[in-house]
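One chain, subunit A, links the two complexes that follow: it is found with subunit B in the first and with subunit C in the second.
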Partner chain A sequence: MDQAWLIPAIPAAAFAILLIFGPYLPRKGDWLAIAAIGASFILVFPVLADLLDQADGTTYVAGEKAWEWISFDLAGVGEKFEIEIGFYVDPITIVMLAVVTLVALMVQVYSIAYMKGDSRYGWYFTVMSLFAASMLLLVLSNNLLLLYAGWEAVGFCSFLLIGFWWEKRSAAEAAKKAFITTRIGDVGLLIGIIMLWLEGPNTFNIQEIITFAEEGGYDNTYLTGAVLLMFMGALGKSGQFPLHVWLPDAMEGPTPVSALIHAATMVVAGVYLVARMLPLFEVADPIALDVVLVVGLTTVMISATMGLAATDIKRVIAYSTLNSLGLMFVALGSSAVAAAMLYLFVHGFFKALLFLGAGSVIHATKEQDMNRLGGLAAKMPITAAVFAIGTLAMIGIIPLSGFWAKDEVLVFAKEEQNIIVYLVLLSSLVITGLYMTRLFVRTFLFAPREQAAYDHAHEGGLLITVPLLILGLLATVGGFVVFDEVGEALGFPGGFAQFVFLNEAHEFEFHLDTAITSSVLAGGGAVAGWILWQNKAELAARIRDRFAPVSTLLSNRYYIDEIYQFVIDRIVLGLGSIIAWFDRVVVNDGGVDGSAKLGYFTGFEAKFLQTGRLPNYALAIVVGILVLSIAMLVTQV
Partner chain B sequence: MIPIDNFLVLSAILFSLGMYGVLVRRNAVLILMSVELMLQAVAINFVAFAVYLNPETFTGLIFGIFVIVIAAAEVGLALAIILRLFRNRQISNVDEADLMKW
Partner chain C sequence: MEFVLLALIVIPLGVCPLFMLIPSQYPQLSRYLAALAGGALFALSLLVFVVYEFDGGSGLRYELQWDWMENIGFLRENGITFYLGVDGIGAPLVLLNGVVIFAAVFVSWNIANRTKDFFVLLFLLVAGVYGVFISQDLFFFFFWYEVAVLPMYLLIAVWGASSEFGTFTRTKEYGAMKLTLMLVGSSVLIWVAIFALFVEAGAGTFDMTVLREATLDEDFQKWVFPLFMVGFGVLAGMWPLHTWSPDGHVAAPTGVSMLHAGVLMKLGAFGILRIGMTLLPEGAEFWAPVLMALGVTGAVYGSVSALAQTDLKYMVGYSSVSHMGFVLMGLASMNEIGVNGAVLQMFAHGVMTALMFTSVGALYDQAHIRDMTQFGGIAKRMPRHSAFFAIAGLSSLGLPGLAGFVAEFHIFVGVFEAGYWWAGGLGILSAAITATYILRMLSRAYFGPLNEKWAGLKEMRIGEQFAAVILIAMILFMGLWPAPFIDRISETVEMIPGIMG
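Let's turn to the complex of A and B:
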């Protein structure tokens, strides 16, 4: 446990070195960034071993290590105000650490080839190091303030990386959009943190706050408000409806960045936050968990349907991320931490795989519109094969990793929630099958639609294919950790749910009915997708024309961006112009300039009182004395 | 014994004369003389009150001497200024020396 702090510290140190000496290092220091994240990845194992050593069968003694950061006496209260730099390790942290370090390592290795020759090659690796360090800090932090610091640093790095090619106007705008949209959520998170501290046990320590809440320390309504505000932060970071608008636009960044943001470092932070604070959600009014559930469900449905209409391959994958995150929130809304974390774990692998595969296509063809791709499987067999694995894992085909995770979520949704929730999830499976198959079929199979892109296509070098193959392997077998036998073979006490859990460990059970239902629906969706979009996709085009309004609605993303634009233009800017007028006329002209003018004019006029003539002064003195004498006489009477 | 009122009335008349002189005269030397008049009016007040109210101590009397000494010093200083003013600018009227202004 004592080494845990090194995990974020090493990439952070690499960032500092790269920032200052990066340009003078050989190869601009990419090896340093990769070595740092590699070291972090290796360090996860001793930390995990420590955690397992301390396990006493049913619970894990979480490790904690802290240094004092800020400490002073609170005036008038007689209490100390303390902020720690503390690190906390429990199974949830381990899962996050494993996903973040491994995916970041793969992405950075892949980036050597992908970003080769870029004018800001060194800067790219510098920011990547900071990105990984911030996310690792976020998941390891034992207190809310340090978590918030990591949270904001992650947001800042995503801003830098989404806008990495800021010469392109759309990239700069996307970066701003991502930053501002997530900031709306962050305000909620900050207020939530302050609320928990204000009424809480005078500490930011997460475990102490949870204990305090479980003992009934908070007023129930107050706590509900606080956790919902914190959930707002998760909403923004994880791109959940209604703050999902930044995520598809974030595709403007380099593709490995998208892989990192979607699979490991940025969007899962929201899931992690809710998973970490889930005890508070449980103590609070049930409405808090219902909100999480409903938001997740809404996101699942709107993202799946929007994925049907997008034609940019990266955007389709972005919508699939929203879809997956929605599922995780549905799981969290059902208090199924194990299911959510399992999905997060395998999602990290297959989503990184999909993005890096898409990056491989874009790198080779310089094209990312699937209307201009097609037939690439012949030229890029490895990419096509691993992309197929990623696609099937996302759809949830047995025995790929996505199946097991999705099944866990479904089982919980079925057992814990209303039947409607279960039905909505099942219907989303069909749509996921449809759009993911569409993505694969339109990109890799049948006749190429644009010869130039096809001719250009080629398999990338080892730096591109090896990370793809490793991730492909993980996406295939990653789901087997649900089995007790696999867990035991790896040194864990049992399957995934016996390692990661909220209150008590779960035995993994295979629910045949859920498995068959979901497989049939997802497989049916995939087959339907194949039929619809095979060859020249004539069938799909016919359906699209038949339901033209729906298709327009979907390809315009439900007009949510337009509604936001309208709100910003009319309401926010309208309100802003009133405030701007007040500032300009009252504050500036009246207050600031006005007082300055007053001083100027009085000085300019009053200076003529100084005549320099002695008799005037003498007269003034006499008159003054007379006035004062009379005043004294009057007041004394 | 002469009643104190007489001294006070004398002092007031002297003071008023001095004040009148300061206000209406233009010649610096004459203004200085008027200021002297006002100072001596105050000195008369001090002495009169000292004798009538508290004859055992010399406080008021010493104040009177102080006023005379300081007035003498002040006159010395002021006359020096007037002299320099006259040497440099050939003026002795106070309303002509009006450079110390905005």
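Let's turn to the complex of A and C:
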């Protein structure tokens, strides 16, 4: 446990070295970044072994290590205000560490080939190191403030990477949009954190806050407000409705960056936050969990339908990420931490696989619109094969990893929630099957639509295919950890579920009826997709024409971006202009210059009252006497 | 050590006649002398900060007290003394002043018009600022306060720049005049309040350590505190008396903007804390809600105004109004966490706003315009300049690891703890608006395709880069390792009467 702090520290050190000496290092220091994240990955194992060693029968004793960062006495209270740099390891942390380090390692190796020849090659690996370090800090932090620091740093790195090719106007805008959108959510997160401290046990330590809440330390309504504000942060980071708008645009960054953002380092932070703080959601009013559930469900439905209309392959995968994240939030809303973490775990692999596979296509063909692709399977068999695995895992076909994870979510939704939730989830499976099959069929099968792109197509080198194959393997077998036997064989006493479920009595359950229903629906969706979009996709085109308004609505993403744009342009910037005008004209010209003008007026203009002519003064005296007399009479009477 | 404090005033005053002795046909000589003096001040300020250690009592250390006038007229024992000393609040601000003047000398390197006169006025101003931070005598406090304010008029009116904005014009003379009149006008309030305090305390002395012990009538405190609050508040950019600040910053030359926004505005907040809140705790408690309301209004108003600016310097100017609003919020929280945050924010805002002005100035020197919509993609031509500007912006939007976050976080916690929920929420929202205008500016001016008009831009001068690196070092120092700052500040703040835990 004592080495856990090294896991974020090594990539952070690599970042610092690359930032200063990067340009002078051989190969711009890409090897240093990769060695650092590799070392972090390896370090996860001794930390895990420590955790397992200290396992007491069926419970896991979490480890903690902390240094003082800020500390001062509070006058007259006899208490201290303390903020630590502290690290905390429990099974949830381990799952996150494994996903983050492994996916980041794969992505960085892949990037050597993908980013080759880019003018900012060294800068790319510099930021990648910081990105990984920030995410690992977020995951390992033992207190909310350090978590917030990692959280913001992750957002900042994603800003740099989404805007990596900032000479492109669209990339610069997408980077800005991602940072600002998530930052809006973070307003809530920071208020929530301060609220928990304010009425809490005078610490930011997460475990102490949870214990305090479980003992009923917080007022129930207050706690509900605090956790919902914190959830705003998760909403922004994990791209949940209504703060999802930045995620599809985030594909402006280099494709390996998208893989990292979507699979490991950015969007899952929100899921992690809610999973970590779930005991608070459970203590609070049930409405808190209901909000999580409804948000997740809404996101599942809107993202799946938007996925049907998008034609950019990266955008379709981006919608599938929203879809998956929505499912994770549905699981969390049903208090199923383990199901959510399992989904996060396998999702990391198959989503990285899908993005890196798409990257392989884009790298080879310089094309990412599926209307200009097709037939690539013949030229890029390895990419096509692993992409197929990723697609099927995302759809949830047995026995690929996605199936097992999705099944857990469904079982919980069915048992813990009302039937409508379950039915909505089932219907989303069909849509997922449809758009994922469409993606695969349109990209890899049947006749090529753009000969030039097809002619360019070729399989990438080993640096591209090996990470793809490793991720393909993990996406295939990753789900088997649900079987206790597999978990035991891997060294988790009592199985993986026991490990992730944090000592609670939930276990992974397998319900044959749920499995069959979901398989039929998802498989049906996939088959339907095949039929609709096979060959020239005439059938799909006809359906699209028949339901033209729906199709327009979907390809315009429900006009949510337009609504936000309107609010920003007209309302926020409008308010800004009004205040700026008010400041100049009313406060400055009226208040400041006005007082000067008043002085000028009284000093200069009013002097003409002093005419020097006796009749004027006499008149003034008479008028004055009259006025005063009348005033006196009136007041006397 | 007490003579180091004395040197902080003697060096900048002493170089003024030396500048005058240099013939004006050798401007380079003036520049070297300025660099030497700036370097010495930076080194001594750092020394003061590093060596300072809390030693009980009010935290005052390294005292030096020389009689000036006593037992004459209304003055009794120790009536007016030249009294220096530094405490845990003064120490980081002394460091801030040292950093900013050192950086400002390098930024002002290319001033060709009346070079030595410029440096004479600049160092006179700096002497005044040091004097305010380390004076423990109310009379001299006010004296140095005026010394710091007045050179600004000439610095802006002679070396400044006028601007045309389509519908209106802002001449440098206007900016200089407005700034001076508002600041001098407000110091009348301070002067009146100082005399009221002197008379009411009845000790016949301006010694602040003695005045601190005096028991003052509560009603008296209630009517005198607002004089200090408004009087100093004007210099702190308190809404709605802030308009001198954006106009003044826009008109001033870069080095002067740096000192002005970076250090001079801190004098106002420092005055509210050191005089108002320390000597009149009950008055402060009574007026705290008003100060809080004005602070949060300034914070939100400033950030929303900055959102609408297209002129880079106006954007930075309004962001200063917004960030000084945070300082006032921290002070008004009247608890230790919030007041610590306010002092931290004074330092953080000082270095990051100085960095912002350095960057804007470097761009303006080449492009001769500051309208962000006219640029585009200039990060391609000026990568380091862009990185420096971005770091300043990120610090001001509160990115963890940089100075702004540490300060703002303390302020927000303090404000919430004091029970001003609405103010805390609006403050955090204002930080999010800050993110919006900073990123909007970066996206418009620095990113996107390079506007061919600016293909000839060159990287900022090496001296400016040096200045920026020093400022960034301070931003990182406080952002990553705030303990040295907080240790010094908190122990002194704890001793201020009326501050709660």
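Keep in mind that, in the parts below, the second predicted complex is superposed on the first by the 578 of 637 C-alpha atoms of A that agree within 3 Å, B and C clash if a C-alpha of one lies under 4 Å from a C-alpha of the other, contacts with A are read in each partner's own complex, and residues count from 1 in each chain.
Just so we're on the same page, a contact is a pair of C-beta atoms (placed from the backbone, for glycine too) under 8 Å apart; a residue touches a chain by one contact, two chains touch by 3 or more.
Because the structure is predicted, anything quoted here is derived from the model rather than measured.
S.K.: On the A-aligned overlay, A:G612 touches which partner chain: subunit B = first, subunit C = second, or both, or neither?
M.R.: first
S.K.: Of the two partner chains, subunit B (first) and subunit C (second), which one does A:L575 touch, if any: first, second, both, or neither?
M.R.: second
S.K.: Just checking: does A:I70 make contact with subunit B only, subunit C only, both, or neither of them? Give me first, second, both or neither.
M.R.: second
S.K.: Would you check which partner chain A:F156 touches, where first means subunit B only, second means subunit C only, and both and neither mean what they say?
M.R.: After superposition on chain A, A:F156 lies in contact with subunit C alone.
S.K.: If we overlay the two complexes on their shared chain A, which of subunit B and subunit C does A:N588 touch? Say first, second, both or neither.
M.R.: second
S.K.: Counting only touches as set out at the top, which of subunit B and subunit C does A:A541 meet: first, second, both, neither?
M.R.: neither
S.K.: Is A:A489 touching the first partner subunit B, the second partner subunit C, both, or neither of them?
M.R.: Neither partner.
S.K.: When both complexes are superposed, which of subunit B and subunit C contacts more residues belonging to subunit A?
M.R.: So, of the two partners, C touches more residues of subunit A.
S.K.: What part of subunit A is shared between its subunit B contacts and its subunit C contacts?
M.R.: none
S.K.: If you look only at subunit C, which of its residues touch subunit A in the complex?
M.R.: These residues of subunit C touch subunit A: 168, 178, 181-182, 240, 243-244, 247, 301, 304-305, 307-309, 336-337, 340, 377, 379-380, 394, 397-401, 405-406, 409, 412-413, 416-417, 424-425, 428-429, 431-432, 435-436, 439-440, 442-443, 446-450, 482-483, 486-487, 490-491, 493-495, 499-501.
S.K.: Note which residues of subunit B are touching subunit A in the complex, please.
M.R.: Those in contact with subunit A are residues 19, 22-23, 26, 31, 94-95, 97-102.
S.K.: What part of subunit A is in contact with subunit B in the complex they form?
M.R.: 607-608, 610-615, 618-619, 622
S.K.: Looking at the complex, which residues from subunit A come into contact with subunit C?
M.R.: 68-77, 79, 81, 145, 148-150, 152-153, 156, 159, 163, 166-169, 171-173, 175-176, 179-180, 183-184, 186-187, 190-191, 194-195, 197-198, 572-573, 575-577, 579-580, 583-584, 587-588, 591-592, 596
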